[in-house]
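Order of writing sets the labels: A, B, C, D and E. Residues in every chain begin at 1.
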Amino acid sequence: MSVLPFLDVALALLVVGLAVWTIAARDLFASVVGYVAYGLLLALVWVRLYAPDVALTEAAVGSGVTGVLLITAGKRLGAARAGEAGPSPGLALKLFAGALALLVAGALVAIILILPDPAPSLAPQAAAAADGPGAGLGNPITAVLISYRSFDTMLEKVVLILAVLGVWSVGADKAWGAAPAPLGRRNPYGATVFLAQMLAPVGAVIGVHIFWVGADAPGGAFQGGALLAAMWMIAMMARITEPPRVDARWLRLALVAGPAVFLIAGLAGPLMAGSFFAFPHAFAKPIILFIEAFMLLSIAVALPALVAGPPNGRSE
Amino acid sequence: MMPPDPTTPGGALLVLAILLPCAGIILSFVLGGRNAERVALGLTPFGFALACAIAFHVASAGKPIVYALGGLAPPLGIALRADGVSAVMLVAAAVILTAAGFYARAKFATPEGGPESRSALTFWIMLQAIWAALTIIFVGGDLFNLYVALELLTFAAVPLVCIDGRPETLAAALRYLLFALFGSISYLLGVALFYGAYGTLDIPLLAQRVQSTPIVWLAAALMTGGLLAKTALFPLHLWLPPAHANAPAAASAVLSGLVVKGSFFLTLRLWFYVLPALSAAGAANILGALALAAIITGSVLALRQARLKLLIAYSTVAQIGYLFLVFPLATGAHVWSGIGWSAGVMQILAHAFAKAAMFLSAGLLAEALGHDQIARFAGAARALPMTFLTLGLGGLSLMGLPPSGGFSAKWLMLQASVASGQWVWTLPVLAGGLLAAGYVYRILTPALSEGDIMLKAPPKRSREAIALGLALIALALGFAPQGFFDLLEIGRPLAAGTLQ
Amino acid sequence: MNEPLLAAAGLIVLTVAVGLVRILRGPDDVDRLMAVQLLGTGGIAALLLTAYATGVPGVDDVALGLALLAAFATMAFVNLLETDDDETELGETEP
Amino acid sequence: MIPLVDLFSLCAIGAGVFFFFAGTVGLLRFPDSLTRLHALAKADNLGLGLVALGLLPRADSALAAFKLIVIWALVLLSGASTAQLIGRALRRGRK
Amino acid sequence: MSPWVLAGLVGAALVGLGLYGLILHPHPLRKLLAFNLIGSGVFLVFGIVARRGAAAGFSFDPIPQAMVITGIVVAFAASALAVALILRLHAESGRVTLDPEAWTKPDDGAAKS
């Protein structure tokens, strides 16, 4: 009898327990911290599902960057504790919400238990097609993201541009063009600066490494970009560097670099390989890596911009 | 073994129609300032031409046009498909977005050499993003691709709601965002279940494979629930009136006229294209009942509003109800379901044009008078005849009086309910018309009464003309020839020709 | 030799899970954050142990990512603690 | 008969588990935040360090072994720095 | 019980919990957390679909996994937009209530006959 099932059950109970805490906690910030812990554990669950690519994304984006975003918001709003969000819900609403939640969760459990056997899968087809458009990529997930379903990936990068603009657009009119508020305190602690100076270069190397191995092993532009973004944010927290002005030309170019290069490569498809978003067999791998490099840049810039928030007019 | 490439002639137009606004977003964002406006407006003729070219191809081929991206056929690749109804929707969206763009120049223009402004950059980019998202929604053939399009639509629409930055608009935008996010995630869960059951997300492939199993029903219920929240069907309509009433007029026109139609269109795709094999009379009747409730609630609330823009927004809640009557009236392979289908699409179009025209007029009115309190409209019709003519013509279509697209839609709905023996659905159609007459009357009566009114600034003729033009299109839809209804049938599963 | 590794992973997960009681009890936000930090470290250890026991490829990169971000949330948090009143705190001025 | 390498791994990992345990007990039982921080730092540095040390001989490649060391070094660095940051914040009476 | 069934049950529980919190909590940040719980529950359902698709010679089906990666990034972007809106709302008005009534100005109300 293996220990592994017990590990899985313990992990599952922990994840659900933290989720319950996130929902049930009285205190706003306690709930946020519960969610951050939950995100960490979720990365472990993904490893157990044989999804290291997703685990890496979850660790970097779902837990890391989202954690900083939520902790910042939770701490700022937590200062003005509950009471201003409106009256707490009545019993009828509680019963309704509980019944609906139970119904949906119960139906989902029932369905998951009767999912068809054998499960349908596109894995063999994806592997077969790897001889064609996804040529030479050992990591099937990268092949799916950049080749078979490249259109989704490109549009998702456009979504990121819109999200950044949406976050910026929340700011005040007179602040437009300025930089977002700094991420760190005015006089950063020595320990923060030291940590940033040590961590950021190592982290950048690791980020690029994870991007680079992504063609053949778990990793890729998303995960590498998210780590680079985190490192940039750490440097900004230590005030080694500042959030850029929202009208900085280089920032905007970097934000659109990924989708723009993707779009151009997609448009060039008919010339290269006879179809939009198709890549010629012989050059598929270099082209895909080329596109991914720009996506890495865009992600590394977009995530910190999303966390840094709208431009801030007040000069320090 | 690879399935053959399903691409048809003209399919490349679909890719271009999507990439054009995407490229516009990228260019506007990088060039910034006044260039954002130049790019957005400069691309409109091309977008419109592409939409017309797609419609022409579909009409002349008599069957849907298809493009397999990357030369990869589904299930591995993503296919784009335009059928009759997509073609019509593409053209309608192009017209309304172009109109809204030119109308908005007065508010969101950046002066030559002036600094970039927050609201202008946001508006011009989000306008193009809505265009891109709607185009994908109308021609997307893959459920996950459509999910990304839904998110694109959300991220484009929410900032438009709070573009003027007042706290109540921020609250409205936040509420809208939360509803929309719930909607997308619920939709996505359905997508996961479909993939788990059938290993594909391509709409025609799924349509061949689906059977009436619990997993399909749960997936359909989750996706429908999510889409209803995004479409603001009663009782999930609470977010809509404040969001649509607080946005700038040009944005309101697009949000009310088009954006809610995007998620509604996906509901149509789901039930009529993915799940035609299901005998879904029960589900259709539930949607019909919600539609009835939406028509009554929305209209009654519209009657009670003091502000014109809120009144028009509540009228949208009611008119969305009409849209959902298409489910009981067109589900299944009956002789009458074609009539119900035509009625549903006609209602989308008529409402889109009429509502856009009314919101644009309401914006002109608010600018000219400095307020939009209906009670203080006395004498306004004499001062602003063209604006009130537009409001009246739009109202005509909402009421369903001939000749108008609204009349055609409601007339076809009545025909379909009588032909199908579902007499109960004649009730909301007729009652909704009466209530609409009530609230349109409430706008026009004070305006037509005597009174002295001071205009802060007379509206520009060209902007009035844009609104009037949209209202006239809503009327002209009432004269749609048979060929138009034949076009709507192209590619519809269970359409008359494909029966047996 | 894999079972002991898994058992160790299980023990570590259980231990840090008990430590999460600090998130529930607090009393201060700092205590809650310390529990998360412990969970992060324990998670990395458990991850490494399961990775070596089950041989799923690429897991060490996940652990690497988690290790890189171990201090991330805490740094953000400490920064916020200081923004309340750092003007009066040190009396230094920025150039 | 357990090979010597395995014995080493077992001992190191077992010690690592113990430190995690000790850290958790400290986090839960110690009376105030500063002392709890103390316990946490031990678990962070020694617990994970010993686990990594135990896994070191089991790494398939030099790169994998190198990654283990880097993971430990990163956590060590992060743990020490955040402990200082939190401690400093606590000393100033912020929560 | 195989690991994927367990993960599926966790996913279902997360969706239920998140739904409950989304409806119930008045605070928008709590609603956002609940939405994120639903999101990760949905991603787990994708995850088990991918794991079950482990056909001969493959340990997973890459297509649902790639969709999850796309989904995580989009969910983060949505969270960032929501947080920006919440913080701005809080800064502008000092409150974060979503109750429409609270934002109705006196002259916005229903027409008095």
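One rule holds in what follows: contacts are C-beta pairs under 8 Å (C-beta built on N, C-alpha and C of every residue); 3 or more make two chains touch, one makes a residue touch a chain.
Keep in mind the model is a prediction, meaning the values are calculated, not measured.
Participant: Cut chain B out of the contact graph: what components remain?
Facilitator: Connectivity without chain B: one piece.
Participant: Go through the assembly and pull out the chains touching chain D as well as chain E.
Facilitator: A
Participant: Shared touching chains for chain A and chain E?
Facilitator: Touches both chain A and chain E: B.
Participant: Could you tell me which chain lies farthest from chain A when each chain's centre is the average position of its Cα atoms?
Facilitator: Centre of mass proxy via C-alpha means gives B as farthest from chain A.
Participant: Given the contact rule stated at the top, which pair of chains has the most C-beta pairs in contact?
Facilitator: Ranked by contacting C-beta pairs, first place goes to A-E.
Participant: If we define chain centres by averaging CA atoms, which chain lands farthest from chain C? Would you check?
Facilitator: Centre of mass proxy via C-alpha means gives B as farthest from chain C.
Participant: Express in whole angstrom the distance between the two chain centres, defined as the mean CA positions of chain B and chain C.
Facilitator: So the centre of chain B lies 47 Å away from the centre of chain C.
Participant: For chain A and chain D, what's the span in angstrom between their mean Cα positions?
Facilitator: 27
Participant: So, what's the distance in Å between the C-alpha centres of chain E and chain C?
Facilitator: Roughly 24 Å, centre to centre.
Participant: State, to the nearest whole Å, the distance from the C-alpha centre of chain C to the C-alpha centre of chain D.
Facilitator: Centre separation, chain C to chain D: 11 Å.
Participant: Which residues does chain D have that touch at least 2 chains other than itself?
Facilitator: 70, 74, 77-78, 81-82, 85
Participant: Residues touching two or more other chains, restricted to chain C: which are they?
Facilitator: Residues 29, 33, 35, 61, 64, 68, 71, 75, 78, 82, 89.
Participant: So which stretches of chain E touch two or more other chains?
Facilitator: 15, 28, 32, 45, 48-49, 52-53, 63, 67, 70, 74-75, 77-78, 81, 85-86, 88, 97-98, 102
Participant: Show me, using the given definition of touch, all chain pairs that touch one another.
Facilitator: So the chains that touch one another pair up as A-B, A-C, A-D, A-E, B-E, C-D.
Participant: Can you name the residues of chain A that touch chain E in the complex?
Facilitator: Those residues of chain A that touch chain E are 4-5, 8-9, 12, 15-16, 19-20, 22-23, 28, 31-32, 35, 38-39, 42, 45-46, 48-51, 53-54, 57-58, 61-62, 65-66, 69-70, 72-74, 76-77, 80, 82, 84-89, 93-94, 96-98, 100-102, 104-106, 108-109, 112-113, 115, 118-124, 126-127, 140-141, 143-145, 148-149, 152-153, 156, 159-160, 163, 166-167, 170-171, 222, 299, 303, 306-307, 309-310.
Participant: Where on chain A is chain C touching in the complex?
Facilitator: 2-4, 6-7, 10-11, 14, 17-18, 21, 27, 29-30, 33-34, 36-37, 40-41, 43-44, 47-48, 50, 52-53, 55-56, 59-60, 63-64, 67-68, 71-72, 75-76, 78, 183-187, 189, 192, 195, 199, 202-203, 206, 210, 213, 217-219, 223, 227, 230-231, 233-234, 237, 316
Participant: Where on chain A does chain D make contact in their complex?
Facilitator: 189, 191-192, 194-195, 198-199, 202, 206
Participant: Quick check: in the complex, which residue numbers of chain C touch chain D?
Facilitator: 1, 4-5, 8, 11-12, 15-16, 18-19, 21-22, 28-31, 33-35, 37-38, 41-42, 44-45, 48-49, 52, 60-61, 63-64, 67-68, 70-71, 74-75, 78, 81-82, 84, 89
Participant: Residue numbers of chain D touching chain A in their complex, please.
Facilitator: Result: residues 70, 74, 77-78, 81-82, 84-85, 88 of chain D touch chain A.
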